[in-house]
Amino acid sequence: MTYQQQISVTAKGHGEMHDLTEQVAKAVTTSGSKPVPSTFSTLGVRAPSARLNSSRAWSTTSPAILDKLIPPSRNYGHEQAWHDGNGHSRLQATLLGPWLTVPVADGELILGTWQQIFHLECDVRGRRRTVVVTVVRD
Amino acid sequence: MTYQQQISVTAKGHGEMHDLTEQVAKAVTTSGSKPVPSTFSTLGVRAPSARLNSSRAWSTTSPAILDKLIPPSRNYGHEQAWHDGNGHSRLQATLLGPWLTVPVADGELILGTWQQIFHLECDVRGRRRTVVVTVVRD
Amino acid sequence: MTYQQQISVTAKGHGEMHDLTEQVAKAVTTSGSKPVPSTFSTLGVRAPSARLNSSRAWSTTSPAILDKLIPPSRNYGHEQAWHDGNGHSRLQATLLGPWLTVPVADGELILGTWQQIFHLECDVRGRRRTVVVTVVRD
């Protein structure tokens, strides 16, 4: 009843965006041999400092906005314990959330014209991330 | 196994709220002829500048809070490319997220006493939005 | 096809965190007699002023960050109507969102090494909360 696929994302570091819309749409197509009338898919990223979300404008401005709301290099609790420069990364990531649910109809993602699914890297270092797409087949 | 229904929302512009709780509850009732012991429903809105969320107090104060965190009319990347006054709309919308998942038991939404499901319009212009409700039937 | 379980959380007040990872993992194990190849679970909390999310560093710094973004004791609309000191609680809670979806493979939650599922209390008073875990079994 469910189909699951992993998408790999290689990010260079803080603020890098990846548009995953096409890959998720392909996972939905691959999930079933026939178009199903109504269902949905969920996405999750296996990391406390990477996020999934959707929008368009966000892809150009969001890292700057997040750095303004939760600035880097502050004396966060995480920073004082780990000294890895990633305190703000995890806090920013938590604000956006690591999971999405997208409705599907007739075998296609239901998204608005300008709506994209993207991965946002918040970690200060380059990272290889795994995004898990689970599609519910009727 | 799944049931899907669309809810239309006509919003006059930035900051307008719509309480969708009753309509979503009705979709859950419509979805099956008998109460199911445990399942859930998901909601998605087809737009990069509209959001779904839940709370009560939010409905009176949230637009003001969002305008404070991400003020309108700034030199956002989106704004410099599109000049449509909607840069902050999409950034605010991304902060809240466009998808919800609500647990269901015995054919009813599981919500707290003061918990409502609402649609928040972030676009500066009036818009007609489509919210897609997908109910999983056991 | 679905399995549902409730987890109780007793929180002393604003900013208290509870790590629910182990309890959710146990609910997934309990949900089926055999490991399923791919599915997912959803979590919801029945309250407008409590939240679910995931991260690690968040657990030490998030209450302070939220209090900075949306400070307590302001003249929020909620506050002027209810005078219960909880205006910021509900606004902070809405920013994080009350629902999560976590992928599952072979009967185990798919989470990163440092990724935890937690409950964050935003209410100023102590509260007993109910978190509803719904697991989809293939």
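In order of appearance the chains are A, B and C, and numbering begins at 1 in each one.
The rule is short, and it goes like this: contacts are C-beta pairs under 8 Å (C-beta built on N, C-alpha and C of every residue); 3 or more make two chains touch, one makes a residue touch a chain.
It should be emphasised that the depicted structure is a prediction, and the values quoted were computed from it without experimental measurement.
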Chain B onto chain C, rotation angle from CA fit, given as a multiple of 5 degrees: 120
Same-residue or different-residue interface between chain A and chain C, half as cut-off: different
Rounded Å distance between chain A and chain C, as computed from the means of their C-alpha atoms: 19
Residues within chain A bordering two or more other chains: 1, 69, 95, 97, 100-101, 136
In the complex, chain A residues that touch chain B: 1, 37-40, 53-58, 60-62, 64-65, 69, 95-97, 100-103, 105, 110-112, 114-116, 136, 138
Contact footprint of chain B on chain C as seen in their complex: 1-4, 42, 44, 46-49, 69-70, 76-78, 81-82, 86-87, 90-91, 93-95, 97-101, 132, 134, 136
